[in-house]
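Please go over the structures that come below.
Look for subunit A in each of the two complexes below; its partner is subunit B in the first and subunit C in the second.
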Partner chain A sequence: MTYLSAIWDDLNLSARIGLGIVLFFTTCGIFAPWLAPYSESQIVGDVWEPLFGEFFFGTDQIGRDLLSRLIFGARNTMALAIVSTAVSFTAGAVLGFIAATMSGRVDQVLSRIVDVCISIPTLIASLIVLSAVGTATQTLILVIGIIYALPVFRIARAVAMDIEVMDYVEAARLRGEGLWWLMRKEILPNALTPLAAEFGVRFCFVFLLIASLSFLGLGLQPPLADWGAMVRGNADGIAWGFLHPIMPAACIALLTIGINLLIDRWVHKASGLRDDQ
Partner chain B sequence: MKNILIDIVLQRLVIGIFILFGVSILITLGVEALAGDVCSAILGQAAEPATVAACQAKLGLNDPMHVRYGNWLVNAIQGDFGTSLANNREVSEQIGKRLGNTLYLALTTAMFAVPIGILLGVIAALYRNSAIDHIISTTTLTTISSPEFFLAYILMAIFAVKLGWLPAISNVSPSMGFLERLQASALPVATLALITVAHMMRMTRASIVSLLASPYIEMAKLKGLTPGRIIIKHALPNAWSPIIQVVVLNLAYMVVGVVVIEVVFVYPGLGALIVDAVLNRDLPVIQATAMVFAAAYVLLFILADMLSMLANPRLRHRR
Partner chain C sequence: MSKKVGKKLLEINDLLIEADIEGEWKPIINSLSMTLERGEIIGLIGESGAGKSTFGLTALGYTKPGCRIVSGSIKLDGVELVGKSDAELRKIRGNRVAYVAQSAAASFNPAHTLAEQFTESPVQHGKMKMSEARKRSVEMFRLLDMPDPENIGERYPHQVSGGQLQRAMTAMALGSDPDIIIFDEPTTALDVTTQIEVLGAIKEAVKARNVAAIYISHDLAVVAQMADRMMVLRYGDLIEEGNAREMLANPKQEYTQKLLNVRSQRVGRTGLDEEDIQLNVENITARYPGTNIDVLTNVNVNVVKGKTVAVVGESGSGKSTLARVITGLLPPSQGSVKFHGRELTPALKTRPKKDLQSIQMIYQMADVAMNPRQKIKDIIGRPLEFYLGITGKQHDDRVLDLLRKIELPEDYAERYPLQLSGGEKQRVCIARALAAEPELIICDEVTSALDQLVAEGILDLLLNLQKELDVSYLFITHDLATVKAIADEIVVMYQGGVVEQGAKADILAPPYAPYTELLLSSVPEMDPDWLDNLVEKRQRGELPTSESLGQS
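Then we have the complex of A and B:
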């Protein structure tokens, strides 16, 4: 408990707001079935019932309760983003560590491949790949995970390069430890802090990419509630003066802002940047 | 001196061409995965096997992959990207028109966003940790964090639906006059500008603030110069290199950021084209537009590299 309160004391006001936002959405996501008044696919009323009327946030383009869909959307969209980011970090970090530890030709080949792949804008790459392989949930996770593994590879490689020249790594090498040991026991523990800060930043990118993709029609399949797809579905309402599409979009924005406020503080501290001259 | 610069430019261009070559192979592989059932997708499930076979022959799907890639590459270098499956029009002609519209969007945005972004960045750095700085920083953090369509729909709800000042659908055509066109594209430009201003402002502020810790700034301060003079005369010249990088990288961002914004405002640009093509499985169009996007990306990165070398003589003698 004292550890938690020490962290809390360390946060400034904006970081505390950020933490609050993140906790709020996480709670919504975890307890979605108990919090939501209706299920995510149940049609409960007319099309686009007004905000704050019988239904708190009104109903969507086919009459489903918007509040319930927002709550379930928190669960689906956040889970998808977390798992995809985890995949990208696992793949990117393992390859980055391999490149840094083995160096030489392996490093050259991996780095050049990544150089080429990274020149295709992420949104374009994922549009093409997803339209080719479909948007089943597992495929989405895998594709987004692999696309974002590329920048993670670069960061992990750079971080591991710095650690790899340390004496203790040299000592382990001379002891005859294998590649896997070097990566797991020598490099990983020391690379964990910078990579953890990076995780928050990348999560935001992944989250926004997923939102854009599902907005463009290549996301989770209906009737699963997904914030980006909900914006797309309700978009026509805006011409009639309904604010329904703004609601899920605002949730996306709010959550990303919350995460950014939180990690801004973290990255700031980690970089040791002097801002108070 | 001149020769070094030319060498660097040539070297970057050669690297760029190699990267584009790799990208074209990758994109072809991706499109290849799409090609499998494209004929049955176009003709419908009930199509006769013979019709499907004829369609496949017409698209050259019976040739092995490397032959098709070779043909595509030879034609593409000559500016021929084939014909669209959806409407049988020349892909290059379609792209030419759309590319112009997208560039118009990006350049108009840059015209407003670059000066405002840099100015706000300098102001925030000048009055750092003051109320102005906090307001600017928080606002820009908000716009950076929001998805493009959030800002787009808010602007649309206010200016197009509520006030009715601007059109919600940006239907630009070549016959429009300058002002008419500007009004038609005002909302997408504003959305894009909000995001890019935020990025530029934050990077400008960060690069100036990190310079302020260096000894020569300390010296200038000890000489008794005013903060404004220190920033403009002493810090800014050294900050140009990172700022130029940020400006060009933001242009690269815009190239992709336009995809979602064009879809929201039904703007006839490249981004809307690739989304339509992906949804229709229009292979030649996907392949060509993806190439154009990647090329713009690579070229802008090279440009950023070169410009920052021009702005900072030290970078010219790295090796």
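Then we have the complex of A and C:
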């Protein structure tokens, strides 16, 4: 308990707000079936019933309870985004570190492959692959993971190359340490801060990509609730002056901000800056 | 601006400066006072953290970020600087008080020519027109003995050498005809032979323009050449102040005596047992991949077991490359490295663990030689586990044992490198090398980044460990004082080749090889007349100079 309170004391106001937001959505996601008044697929009323009436956030474009769908959306979207971002960071960082530590031919081959792949627009690449292999959730995770591994590779490689020229890495090489040790013990701990900052940003891009894919019918398949898809589904309501599409969009924005507030604090701490700087 | 004679040019009284150290304001300059008259040079001496830079810079009315002037006064020509606005101070800075920084390379803008940067300040201060400033730059470059003064201004900073850049910076400082110039370790980053030339040029120019100067340095011998008066500082307190000659001849305080004594010479051990040659570098020629210049040509070096071989040379002489070849980081294009008569494979990757274990390395910059995210016990402990397979309780005991060997408290095991001072970090690096139980340790400029007294401690430690463990050192350095202190044998390197190798007594006594003589004569001595005498002798051709060597 003292450990937790020490962490809490270490956070500044903005980071506490960020932590609050992230905890709130995580709780929603974990306890969705108990928190949501209705199921995510059940049609409970009329189309676009008004906010704060019978249903707290009204109903969506086919009459499902919006609040329940937002709660279930937290679960589906966050889980999908976290897992795909984790996949992309694992793959990107490992390959980036390998390229930087082995350098020479290995680096050339890996970097050129990434250069070629990264030249294909993200959305088009994912569209082609997903329409070819189908849209099972695992496939979705894998495809998004690979696509976002490309920019992570570049960052990880650049960061690792800066670390790689340090004398302590040379000292480890001279000791005769293997590639795995160099990557895991010498480079990774020192590359963690820039990579974490990148994680916060990428995580949000993944949201947006999932949303675009859902828009084209290739994301999470209905009736599964997904914030991106909900923005798209309710988008027509804007024309009528309804606030319904704003709700899922606001959730995406809020979670993005929350995560970044938290990560900013961590990066700030890790960079060794004082609070007044 | 009328230059009145006799009046104090700069008067600093009871200056108290505090710095924000982890959220607390702590004094770093404790009520120091200083006066400076026109044409006078005052030397500020001390180790890092003494506050000499902080104090010297106050003549600009400047404090570093995170510092504040609490009380006291700084009067320039009777005008109070404390409490002046930045706009008012800007009129003084670079104009009446100029500054020459340690690293000229970092202080010049790489995107502009020297002349453009020279003219910027006088033109901006409205002192001169562009054409006048240009003319002035040529004049100043000539005053500082720069080659081809008419045209050198057209060059960019990277097109001139480090010594020339430092002179250009002094020329710039003199350009706007200041009353005071602050020199902050202007020659510390230079080779000894270059340092002499820059020192000579600065001294002459300052005398010729009759400006006052504050000369900040950790090197007592260098300050002795420049200063009329010296102030020795430590932790923000004045230790001793007085006439330079008197202080050198008769230091009153113990601390000043210590600073003076660190350059004393130790007697090298003679009678080397030639049969016990441990490392044998034979006819090594090496170049870096992708280049076509040999950094090393036909280098031969021998290291005898249990002895110290010092490899000495200026930057660019190839001494660090030699270390890379021996360790296998840079496979040579010709020649071989033998260890106990057995040839080592040229590349690191193909060397067996046993060979790697027997040759360990200690680096110049201890802070980047240790992973900042590992605890000291992990840094020291890794070789134990990796080479010797020691784990568990025995492992932890050995780590504590090693900490005791390097004279650090046991609780340092739990610390991170950032929590250690420079000297302590270097000690940990030594412990890491010792943990592998090596036969040979390559020390690459291990004391160059440290203060004199701290460096002295490290050298003592290395010598004691050698006595105890019979390990040999290949000691790479540019500093002849260090060589004198630690070496049994000396290898002199110049432009990628070995000039000579031999016992210390033979190398350091006449007859000298010409380059060795240049190197030896360039080391500043604790004699205020040393620089003047040297310049004179060189002009008469009695001693070699860099130019005379370059022609031969």
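Note that the second predicted complex is superposed on the first by the 224 of 277 C-alpha atoms of A that agree within 3 Å, B and C clash if a C-alpha of one lies under 4 Å from a C-alpha of the other, contacts with A are read in each partner's own complex, and residues count from 1 in each chain.
Methods note: a residue touches a chain if its C-beta (ideal position, glycine included) is under 8 Å from a C-beta of that chain, and two chains touch if they have at least 3 such contacts.
If you're wondering where the values come from, they're calculated on a predicted model, not measured in any experiment.
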Which of subunit B and subunit C A:A249 touches, first, second, both or neither: first
Touched partner set for A:R173, first subunit B, second subunit C, both or neither: second
Contact breadth on subunit A, by residue count: subunit C or subunit B: B
First, second, both or neither for A:M161, with subunit B first and subunit C second: neither
First (subunit B), second (subunit C), both or neither touched by A:C204: first
Touching partner for A:L11 - first (subunit B), second (subunit C), both, neither: neither
First (subunit B), second (subunit C), both or neither touched by A:I124: first
Residues of subunit A at both interfaces, subunit B in one complex, subunit C in the other: 274
Touch list for subunit C against partner subunit A, complex: 23, 327-329, 348, 351, 353, 356, 360-361, 363, 365, 368-374, 382-383, 386-387, 432, 436
Of all residues in subunit B, those that touch subunit A in their complex: 19-20, 22-23, 26-27, 30-31, 33-34, 128-129, 138, 141-142, 144-150, 153-154, 156-157, 161-162, 168, 209-210, 212-213, 255-256, 259-260, 263-264, 274-275, 278-279, 281, 286, 290, 293-294, 297-298, 301
Subunit A - residues contacting subunit B, complex: 14, 115-117, 119-125, 127-129, 131-133, 204, 208, 211-212, 215-218, 228, 231, 235, 238-239, 241, 243, 245-246, 249-250, 252-253, 256-257, 259-261, 264, 273-277
Subunit C-touching residues of subunit A, taken from the complex the two chains share: 166-168, 170-177, 185-186, 189-190, 274
